[in-house]
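Reviewing the structure listed below.
Read from first to last, the chains carry the letters A, B, C, D, E, F, G, H, I, J, K and L; within each, the first residue is number 1.
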Amino acid sequence: MSAHIYKKIEVVGSSPTSIEEAVNNAVAKASESVRNIRWVEIVETRCHVENQKIAYWQVTVKIGFTLDEN
Amino acid sequence: MSAHIYKKIEVVGSSPTSIEEAVNNAVAKASESVRNIRWVEIVETRCHVENQKIAYWQVTVKIGFTLDEN
Amino acid sequence: MSAHIYKKIEVVGSSPTSIEEAVNNAVAKASESVRNIRWVEIVETRCHVENQKIAYWQVTVKIGFTLDEN
Amino acid sequence: MSAHIYKKIEVVGSSPTSIEEAVNNAVAKASESVRNIRWVEIVETRCHVENQKIAYWQVTVKIGFTLDEN
Amino acid sequence: MSAHIYKKIEVVGSSPTSIEEAVNNAVAKASESVRNIRWVEIVETRCHVENQKIAYWQVTVKIGFTLDEN
Amino acid sequence: MSAHIYKKIEVVGSSPTSIEEAVNNAVAKASESVRNIRWVEIVETRCHVENQKIAYWQVTVKIGFTLDEN
Amino acid sequence: MSAHIYKKIEVVGSSPTSIEEAVNNAVAKASESVRNIRWVEIVETRCHVENQKIAYWQVTVKIGFTLDEN
Amino acid sequence: MSAHIYKKIEVVGSSPTSIEEAVNNAVAKASESVRNIRWVEIVETRCHVENQKIAYWQVTVKIGFTLDEN
Amino acid sequence: MSAHIYKKIEVVGSSPTSIEEAVNNAVAKASESVRNIRWVEIVETRCHVENQKIAYWQVTVKIGFTLDEN
Amino acid sequence: MSAHIYKKIEVVGSSPTSIEEAVNNAVAKASESVRNIRWVEIVETRCHVENQKIAYWQVTVKIGFTLDEN
Amino acid sequence: MSAHIYKKIEVVGSSPTSIEEAVNNAVAKASESVRNIRWVEIVETRCHVENQKIAYWQVTVKIGFTLDEN
Amino acid sequence: MSAHIYKKIEVVGSSPTSIEEAVNNAVAKASESVRNIRWVEIVETRCHVENQKIAYWQVTVKIGFTLDEN
């Protein structure tokens, strides 16, 4: 067991369909710029509404990834 | 850009199926009495359980709508 | 109307698919050892990530059940 | 089991005597304008003080009632 | 000293200039439909940004007013 | 002075009369299964409402008791 | 209307009987050393338990009083 | 670098004009009785309303000052 | 309506004059390195005090900006 | 990757020496009755004081362990 | 069992070495001016950093002491 | 006194030994990529457990550093 160091970034993913897809989209976008993502914490869930219907789900997440791996 | 004023009301939607449907039901009900809904904030999620199974999802939301439009 | 007494336990359910299934799994597991489950409160939602994808959803819930029934 | 929709309103009841009476007063006042009250959540308790004595208890509550019944 | 009952509503005021003006706008709008406003609690402050500048301040407030006066 | 270890359990007591009696009922029920209760923390107070009146008080408490005594 | 300045102090009152009496005791003790008490905010309620019964209620309050009066 | 000890006190400043002036008034009043004030933390902002207008801003602050200097 | 992805960063702006200017300074600095800023959330407000006067306002904000635009 | 289910219990460990030892003592005691402990979350740290000195550290922790392993 | 009244004060202790020493320093300083300290609650832990190293630990504590003993 | 701008990043440091060492490791890692670190705020403390013993301490911190210095 080694002493890992992680960093967390805060990202808002969105989806017209579901909370899960909004989180998936956040992780997919984050994985373009950070490697070694380890976990996600859901911080807040909101919806944007248009014409009296939910247009998309907006989920704020903290994404944790390892800083010290190669 | 004008200076909008919004009001928030707190509603609990429920659904036997999913968190998303419970929120949709809350928005649908609210849209019967308020116009110009702009966003939803999810505040709390609970489930009612019957016979050791989840009978329905109960999601408390704050619904924001514009007060100053015509 | 009688004066019920309830107990709450804290359980983390997980699922590769959705938040709802993770909660269902937590309730199913809890129902093996406690009877008379009445409600669930969702406390925290996290995801475990592997290979830059969400491997499973981890949902911490409080499960309330009646202590005084026979 | 049907999919109920509830609304919550925030009311501050007061009483010179006790927390319980302040909540009772809040519910009694609310029941003049909303039907089908189902539950109360106590949010905050304060006291107004006069002449170095508690003059009345002020209890902020959220009152939940059914929107969809007739 | 009588036992007053108050209600609180949640409103978001906005202003291009300052937090204080956004709160003033929320109170002015609320005073069109409720009488006897007694206090305001500031809940959240956000800004909408356009062209990398703050376009307006959005302040969520709870507005308390007396229910039992004539 | 020894190094005690305590456990906390979360219980919801109820009473038609008062917050204090609801907490007493929670402690009485808990004392059937745990010994050496040392303290109670009040976590949340709610009321169940029937016929527009408070039917009973529901008080969620954490009950702390000593694990290491004989 | 003048611009008052208030100070708040944090006190824990206790009573073998009720939450209200514990708060009263806190205010009575505070009034020995501070004048012009204006309000009390209840912060936390705990009980000390002896012999599996509630021995006394411990209520943490913030007490607000005017600094600038004579 | 020495090991300073600080104390924090909680004060409510008010002003008819702005949040900033209310905080300034709190610091000015506190500086009459404590020396070596180092920082202020804003805890809560409220307004007192009269005649449907904001009569004054009430800002609760924690004021930190050094205990160990001479 | 497309599925935007946003990132939030946490910045502390400061100003000798006002909360608003401190936030403006935070946004101005952030806009040197990130494009497409959409909103600001105010997280915490503190003051640095020198010679018993407020020397500058320190406002912690979260700044949200679009990740997926070109 | 399987869908694990975890339970969390809340324990208060204590030590005359350090926060770390208090947590170690909580884990050691819990490991007498639960197997497969996976993580600890520190919830609250307090000290008991005697003769104006810290007599022992009291650390409230949540201890998570696997329910579904054999 | 008598009905004790306690007061809490908020103090920030610091130490170049450890969290525990910072709390000890806070208690030692407080014991110069208040008698009968009973407990400490740790509220917040921060570090001051100089030359990219932790220069000292700053721990905000609430210190509770008996008001009514002689 | 100038108007500094700071940024905060969120890092999780770990150590098999102590909370302090975990924070030191987080600061040491962060200092490889950011200059002018000024303070650390401890956000959350957890432990990873293996074989019923604490394998390492995981401390989430926010690290504040100056953006505007050269």
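As a convention for this text, a residue touches a chain if its C-beta (ideal position, glycine included) is under 8 Å from a C-beta of that chain, and two chains touch if they have at least 3 such contacts.
All values derive from a computational prediction rather than experimental measurement.
Separation of subunit C from subunit F in touch steps, taking the shortest path, is 1. Interface subunit A/subunit B: under half of the residue numbers present appear on both copies, so the contact uses mostly different residues. As a whole-number value, the distance joining the C-alpha centres of subunit E and subunit L reads 38 Å. Each chain gets one centre point, the mean of its Cα atoms, and the points for subunit A and subunit C are 23 Å apart.
Subunit G and subunit K have centres, each the mean of its CA atoms, that are 22 Å apart. Shared interface positions of subunit G, i.e. residues touching 2 or more other chains, are given as 9-10, 18-19, 48. You'll find the chains touch as A-B, A-C, A-I, A-L, B-C, B-D, B-E, C-F, C-J, D-E, D-F, D-G, E-H, E-I, F-G, F-J, G-H, G-K, H-I, H-K, I-L, J-K, J-L, K-L. Those residues of subunit J that touch subunit C in the complex are listed here as 1, 3-10, 62, 64, 67-68. Every residue of subunit D that touches subunit G in the complex is listed here, in rising order: 17-19, 44-49, 52-54, 57. Subunit E meets subunit H in the complex at residues 18-20, 23-24, 27-28, 31, 35, 37-42. For subunit I in complex with subunit L, the touching residues are 9-16, 22, 25-26, 29, 50, 55-56, 60.
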